[in-house]
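See the structures that follow.
Two complexes come next, and they have one chain in common, subunit A, joined by subunit B in the first and subunit C in the second.
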Partner chain A sequence: MELNKKPLRIRELTAMIFMIIGLKGGDTTPALFADHAQNAIWIVPIISFLFLLGPFLILMHLLKKYKNYNLIELIFHLIGKKAGTLLALLLFTCGFIAMFTDMRNVMEEINYLYFPNSPTLVIYVIFLTICILVANKGLETIGSLAWALLPVIIVTIIAVIFVDLKEAVLVRIFPLFGGGVGTVLFEGISKSAAFLEIFLITIAYQSFHQTKYFHSGIYLGGSLSFMLIVSFYAVYAMLFDYNSINNIAFLYQEATEIVALGHFFTNISTLFMVGWMFSNFLRFIIFLYLICWIFGAIFEIKRFEGLLLPIGFIAMILSLIPPSFVVNEMFFRERSLQIMTPIFFLFPFLLWVASYWKDRKK
Partner chain B sequence: MKKLLIFMLLLQTAVLLSGCYDRKELEEQAYVISIGVDMTESEDVFRFTFEIANPEVGSAVSSPSTQEPVQEVVSVLGTDFLSATSAANVSVAKEISLDQVRVVIVSEKLARSKKFIHLMQTAPSIIDLKLNSQLVISKEKAEEFIRTNKPKLESRPHKYFQYMLDRAKETGVIPEAPLVRFFQITEGDADLFLAPFATTKKDPKEEYGAEDNYKAGEVNIKGGNSTQFIGSAVFKEGQMIDILTGEETRFSLMLDTTLPQQDIIANYTDPLRPGFDLAARVQADKVKVKIDYKPTGKTNIDVYVSMHMNIFAVPSTQNYMINSKNRNILHASLQKQLQEEGEKFIKKTQEKYKLEPFYWSLHIRSKFLTIKDYEKADWANKIYPNANVRLHVKVRSLEFGKLLRESDLRKVRD
Partner chain C sequence: MFPWQKKKKTEAVAKQKNTKISRSLKENVAYLEEQYLYGTNFDFNSKELRGSTGRYHLFYYSTIIDTKQLNEHIVTPLLETKRDIPVPRIVTLSSLSSVKNMDEVEKGLSAGCVIIFKEGMSEAFEAKIDDFKHRAVEKPENEKTVKGPKESFTESLPVNISIFRKQIPSKDLIVENISIDSRPTMPVSLVYARDLVNEEILENIKKRIKKITASNIRNIEILEQFLEERPASLFPTMLYTERPDNAGNYIMEGYVAIIMENSSSCLIAPITIWSFFHSPEDRYLRWAFGNFSRLVRAIAYFITLFVSATYVAITNYHSQLIPIDLLLAIASSRERVPLPIVFEILLMEVAFELIREAGIRIPSPLGPTIGIVGALILGQAAVEANIVSPIVVIIVALSGLSSFAAANYSINHTLRISRFLFIFAASMYGLLSLLGAILLWVAYVVSINSFGVSYFSPATPSNRSPRDTFFRMILKKEKWRPGFLNPKDWDKQ
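Up next, the complex of A and B:
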């Protein structure tokens, strides 16, 4: 769908980026990082961030240079149609895999913690249906929805940090490098593809009122998300000790479960579930929409909303293949992230070289 | 239009049906307030006792003529919490829910056995059982404890445990011991874990010591409920090794930086008339622990405690309020008493337990960069037992209740 009026501004983009990346503070990603880094879990995203900063800035620089292209068009423009399709398909596959592994994890979380008696498939279908229905409305609706729900989610986040800090012990973040300096560096670099959405969202480069809005939005949203992730992970490290943190699968829920507000409110974890649920719906709405958009852009499908249903359905089927959550998270996701990281690290450099080559030819 | 209507209808059924799987009716739930666990003859099988509250009793909205008892106590055999819950459902009509469990009571015999840690390992994987519920060690069998414990005034069991634990915590004679702390400390493998010690069996000491120099069961109380919460069970590596008295527990809480400091009321010897005691309310500031780590040789641990004291009762009627010379004597004496008792207790932990219950291992961690180095340095076996611990107690302020001076009893007797 062509956006003629382009009403989207900074705030919608910031909200969307916050949902899609910042909320990795509350899903199963910390459990993945804590596995080896232990209580240095909060340093891992800092390293990932620094590692990805270079390629990301190059990509942003290129987008700014060739004003009128989005991610896929830029790739086509710089390295040609054939090689471009190949690279774009590679990026699409990575995003697709990241989406469905994440989706399975979130489903298992909802199923296991809140609806233990319901079959996973039923929850999955309902979740996916809502995602597809909302995503069908287009980027403007999603952006406004993200902006509208942001207050609920921010209140939840602040409340969680507030109650958790009561129980947190600051000195638990020591020894500073947890599982070892080398381990922390390796974890941070090899799993930095966990934040690959920041690259994928550049597909929306042309959809904003002015492209400079996109720049401000992505930097603002990115830094807010970064702050949220680091502070959440630090709180987890301060709450659970280094030996316990890598045993816990759902750190966010566990962190809200062990605290009590005074004598009367002893089981407060359900209060924090509402904002969490909202944010996860939005996250997958945005993610699904971006993935379909990229697919549509590669094969020049104008009305790519029609792809939401088949792509969502295939994602669901594929994500149900791993026999259990643990296999999905600790084996499948870990491996796939390690493979994806070099792709996302290198492709902006490739584009840069291509652009340099093009300039010289002129 | 018709298509749309059908679609909407289908959508609604989907939403409604999803609720059906996990629907829970309040009426159909039996809420367990406390779980007791005991040893049995055979390995790996425990006796679980569930105390189920009757929500109708004691609430203002229910009809006053309810004839049902306050609680139901069911006890079954099981290998872990979950299997025991389903086994208990054989005799309980409602679905047993562990959502509201406030205390997990474990008998001393089980806590002292090696099986205890295996039992506890099954707890975190249960979604229902919240990790903020408290662990309590009972001197007798946990089943007996739950059955004998009949509070006279707080008939609703969940209120009883809540008030009882809060009150005892306020006087500092029992520690705070949520299950999550047990796991943190046991898995950290560098400190001692303390859990409240309780009993319903009386075994009173005849002589009256200081009011807090007791373990549960030793306090000479007449009338009321026979349950006593005082002192704490000491766990080393997930196994109970000893019992601390109320006073020792108070010191361990005071020296622990991770726990919120509470005002405690305690007795101290009157320096001018040693036969008498003073009652004081003590408010300790957050403890500062400084560790000077020496990889070879003795590590120095400096502990700074500063507190504010409020003297409430001076039965000897010595004039400490106005007379500045007496006041200085009192100040110095209180400081010395606290210092000596604290040092005595620290020495005991170093020599008898070879480990501390103060969670001080946290403070040495900043000296290491990685967990590997930290574990190699071995706080539990190498550093602490040989360390040079220096306690610095400082009484920062001394207040005296609401009287300006005690009346002179000698004149009264005249």
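Up next, the complex of A and C:
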């Protein structure tokens, strides 16, 4: 018996969005940006944000207009079954690639920093098993779980910013545009697909108590994540300075490594690992679930939870192909993001045109 | 069920259901004496009365009725009456009622009635003058408070209902009886406020009670396990409380209380995880004091769940986290200890569980021994024999002590068993597997529900509610009843 149907509300969605987007402040994305943009990494997400804002608002507008559809149903409704399947598969593939490249990076981080003696595969299997087990419980559990663990993660974030600001030097923000205005602009635009999850989560449009909660939640979660990412990147820039920031692979861990809490606690980075690890678990639980959901929606598989294991397994195998972290991050991820960006930038416009066309035909 | 497995009810049961009371007194007496094995059944009395107006026959269990009332209000008037008037006008008891068939007679006899037969009448009369023996209303033993009422439930249904009526003097307090189809049939009483309770929840509870067919459910402790959706789960989905004031609070929020004869406690359903961490005293104390005590308890829960596991994970896998002075202190204290840390911790934890289990079972004259043995052997001698390091003793004592801070006994076992799960998880892959285990644990907690109510609400999924989770609000500011129950009246003020 279920007393309340569709119990998820704004806070769960906000927490989920915060987990999958906001936590890009703590993974390897800043290292990707820092490679060219140097200490202007905090401007890069602003540019990406402004770049993606248009298509995103169009997508939200379309979802609001056709009330009863989620992302895939909307695509099918607007551009037909065949073309729709093609586009949806394209989105799925992008999401899938983004997921497994990210996952490999996170695994390498855990492996390299906390368990240097154990093979990546073992950590990967443990991590993925837990993700699949939790994701199997469905969206309501995932949403509630994200909200329930949010306090731990927020405390971690506040603590990190607090201790890092003690070491930070404000003038290290300069030169303001790091590697140059053109580079920063190019970086921000070409790699804006790093934040593609915000489009994918619209698959859950129908799963909240009211659809207006989805709107509030996604705007709230999105802006909070944006603020978090920008402030984290700014802190990194203030900590590591021009010309040395691009040599650091794991900015979050490095930022927690170099600070001490008084004279007694001299090495507190593992303390910040708790919130970081929780958020990474949650991030990939949500991401994996969304990917399976999209796949299930395309091929009309009702109980798509069964796909978690095969899709997760294939993601693991594929992501282990790049020989090392550096190749994965600097070559594979960078290229794939550059290819994905136009897709995610253009498809809302495509839908918009289709919607416009449909209206005119009437 | 397969056709050849059909249930066969015993013939005697089928027979008595159909038997009507006969006009012949002799037949009735013979039937009942046979059914009740009169003569062998030592407290079953079958007593003939020859009054001046006719012959009567009384049946009763002498051990469960009030003999004084029997003599004064039944036997004496029946013998002394001079005119042939109907029995209800002779027997001056308010509880007198007429019965038509033997099924009702049997029910009455077990409930403490005296059955009066009269020659030539095809009906009998039952007078309820029961006097079941039970404990007096005493102080609560397991849920102690400093500030607050000191009454607890006792093992008698009428007494418990009377306490409820005293708590909530309102016509909307309904005590509804449902019979469990067990052997013997037992009544279960649902206590709820009619103008608050959610009908869907109530129907669900009733449906589940009616579904039970097992025999021998004589108290709510057993009933609880038949009602629960997940009997094997670590988390109880009903609150077990012996405090009437606590139960009364829940009823006035829209919950349902389940009581039975023979139980000195009641069950509250549906329930969320927060209720297990709340003590009624939190509300009786002032806002700051109550919340302070909740904070202390919350810390205690976290310590009891995670301190041993964290110690295992950090010392085994993440020793770089420990400040260097502390690391040296730990290392030097472990210098002569041959056992691995996990084994050391498990040894002490198991020993602690042994002391606790023995402490409950030990006869009270021997009680002090266990303290001495436990403290000496586990504390002092084990350290001196280099079996365990002193720091492990501290950690295990801390986690054991903290588990006693649990406000409710039902959650106590949850915490204790979960702690072992976390220790095992931590020993496998350090913080990675420990955090994974915590994640799975929390995911399980947020995914389950109790009678349709999410276990983690009102935190998530959220609703209008008194916001009574980790901390409580100032009572004046509590505007809503718990919205997750969907009560008929949401507004509290």
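Keep in mind that, in the parts below, the second predicted complex is superposed on the first by the 358 of 362 C-alpha atoms of A that agree within 3 Å, B and C clash if a C-alpha of one lies under 4 Å from a C-alpha of the other, contacts with A are read in each partner's own complex, and residues count from 1 in each chain.
Simple rule for what comes next: a contact is a pair of C-beta atoms (placed from the backbone, for glycine too) under 8 Å apart; a residue touches a chain by one contact, two chains touch by 3 or more.
Note that the coordinates shown come from a computational prediction; the quantities given were computed from them, not determined experimentally.
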| item | value |
| --- | --- |
| Touching partner for A:G180 - first (subunit B), second (subunit C), both, neither | first |
| Contacts of A:N267 with subunit B and subunit C, given as first, second, both or neither | both |
| Which of subunit B and subunit C A:M277 touches, first, second, both or neither | second |
| First (subunit B), second (subunit C), both or neither touched by A:I258 | first |
| Contacts of A:S244 with subunit B and subunit C, given as first, second, both or neither | first |
| Subunit B versus subunit C as contact partner of A:I123, first or second or both or neither | both |
| Touching partner for A:F115 - first (subunit B), second (subunit C), both, neither | both |
| Touching both subunit C and subunit B, counted on subunit A across the two superposed complexes | 114-115, 118, 122-123, 126, 266-267 |
| Footprint of subunit A on subunit C - complex, ascending | 198, 200-201, 204, 314, 317-318, 320-321, 323-325, 429-433, 435-436, 439-440, 442-447, 449, 451-454, 456-457, 459-463, 484-486 |
| Complex contact set, residues of subunit A against subunit C | 1-4, 7-9, 11-12, 110, 114-115, 118, 122-123, 126-127, 130, 133-134, 137-138, 140-145, 147-149, 264-271, 273-274, 277-278, 281-282 |
| For the subunit B and subunit A complex, residues of the former touching the latter | 11, 14-15, 17-18, 21-22, 99-100, 102, 124, 127, 130-132, 162, 166, 178, 180, 183-184, 187-189, 257-258, 362-363, 365-366, 368-374 |
| For the subunit A and subunit B complex, residues of the former touching the latter | 38-39, 112-119, 122-123, 125-126, 129, 169, 171-172, 174-181, 240-244, 247-248, 254, 257-260, 263, 266-267 |
